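The chains carry the letters A, B, C and D, assigned in the order they are written, with residues numbered from 1 in each.
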Amino acid sequence: MTTTHELLTTHPREAAFDTSRLASTIDTLFGCAQSCTSCADACLGEEDVSTVVRCIRLCTDCADVCLTTGRVLSRQTETDPAIARTLLEACVTACGACAEECERHAAHHDHCRVCGEECRRCERACMEALEAVAS
Amino acid sequence: MTTTHELLTTHPREAAFDTSRLASTIDTLFGCAQSCTSCADACLGEEDVSTVVRCIRLCTDCADVCLTTGRVLSRQTETDPAIARTLLEACVTACGACAEECERHAAHHDHCRVCGEECRRCERACMEALEAVAS
Amino acid sequence: MTTTHELLTTHPREAAFDTSRLASTIDTLFGCAQSCTSCADACLGEEDVSTVVRCIRLCTDCADVCLTTGRVLSRQTETDPAIARTLLEACVTACGACAEECERHAAHHDHCRVCGEECRRCERACMEALEAVAS
Amino acid sequence: MTTTHELLTTHPREAAFDTSRLASTIDTLFGCAQSCTSCADACLGEEDVSTVVRCIRLCTDCADVCLTTGRVLSRQTETDPAIARTLLEACVTACGACAEECERHAAHHDHCRVCGEECRRCERACMEALEAVAS
């Protein structure tokens, strides 16, 4: 059991959905925020920085959106499902756009390849969380 | 002209919509994030903290969502309108829910009254930005 | 009286120092976070982006540090002065480094000039807050 | 090799110190930010919330400081060591204060016990990073 999962199970209130899946979604969100922060900065450090301007922008946005979504989903006290739902939709959008751009640079920059995979994983996790929250 | 407005007009890329209105939206978002951070903490410091638990939770979420939306809207390079749009929808949802809860405590706690007004102002600003981005 | 000031005076707990000066410091911190977010993105949008890589990095760091410092200073319940103090020191460092770099590009990019001035204002505000907290 | 480690090694610029240790520090920082976000919210959901007000405040601050420190350390392009150093000092302070408070409630609340352990781990990681950056 991960630390995130342990914290969800020791919380006095009930989780929005299955704690094991919720914990995994939260860990994916924080992980994707880290990857996007790293990739934006790695792109900035490349000699051909002018070719990855869009990648820097989308990674920067995606990092912010993933962190806020990860923080909101970490909370279980007096949850407003509509906030979680709309944020997850923004996160699916940000991760999808960022993944698409990272994939365009995957052959040239290994950090874009790794970050693109993280964004796709996070996009899927948010889609599944969206279904779980909506049901 | 505010500093935010000046920075938008000195930016090399074109803004998503009218810079004067965009600057005002961004300032409202950062301002609301500050108000919600203050109100969550003021509620936490009240003797009857157990009666404002929902207010603390919603202010905490709203602060996070407003900051991320304010940051994303501040950026004009290679903007993805779908990210801005879905985030603005999440922000309207968070501000509306937070305002509703703050208004319930407005008669007892002045900080809830002030914060409720800020959240309503931000909710309106995000709704208008949403129309401007979508058009 | 600004909204931030009004929220500090309606807070049930006493502020770390004079509420008028504290409110002004907090507003400066949130304002500088906005300026640095804007300037990092404006630099990214410049045709000569490769010449402002250091400015983008320092603005990005400075935005993050200012936001966290602004949030922590906004809270008055059970304040730990040592956290406020060390964060303010980090913020003086980040603002000073970012101002210095922005000033190097002020003649070429108006957004760097504006952002450099904001960083200097914030550096001073944090230094004064540091003295107020320490005394 | 973790994703964070893989991203550090595929970065075009050199890391501030040994990439394996740096990656582990960054992961600990993001993990501690998640734990503190969870614990603040779990405390808020407890029936005896009035007894854990200080824990909520310190966890909230600690989450913000850990996230900002984790983001700044994730960046390797044009690093300013003084910013990293002062932020790490703020993070050691925040983690130490938060751990001490969590430990006071560890017998009553399992989430405080888990979060206290995470804060101590992060405090140590930041102390070690501080030595590595300074040398």
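Just so it is clear, a contact is a pair of C-beta atoms (placed from the backbone, for glycine too) under 8 Å apart; a residue touches a chain by one contact, two chains touch by 3 or more.
All values reported here derive from a predicted model rather than from experimental measurement.
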* Asked: Which chain's mean C-alpha position is the greatest distance from chain C's?
  -> A
* Between the pairs B-D and A-B, the one where more C-beta pairs touch -> A-B
* Intercentroid distance (Cα basis), chain B paired with chain A, Å -> 21
* Could you please state the distance in Å, as a whole number, between where the Cα atoms of chain B are centred and where those of chain D are centred? => 27
* **For chain B, residues that touch 2 or more chains besides their own** => 41, 44-45, 47, 53, 57, 60, 67, 71, 75, 77-78
* To do: Quick one: which bits of chain A touch chain D in the complex? Just the residue numbers, please.
  => 3-4, 6-8, 10-13, 26-27, 30-31, 33-35, 37-39, 41-42, 44-47, 63, 67, 70-71, 74-78, 109-111, 114-115, 118
* Asked: How about chain B: which of its residues touch chain D in the complex?
  -> 41, 44-45, 47, 49-50, 53, 56-57, 60
* **chain D residues within the chain C interface of the complex** => 53-54, 57-58, 60-61, 64-65, 67-68, 71-72, 75, 77-80, 82-83, 86-87, 89-90, 93-94, 97
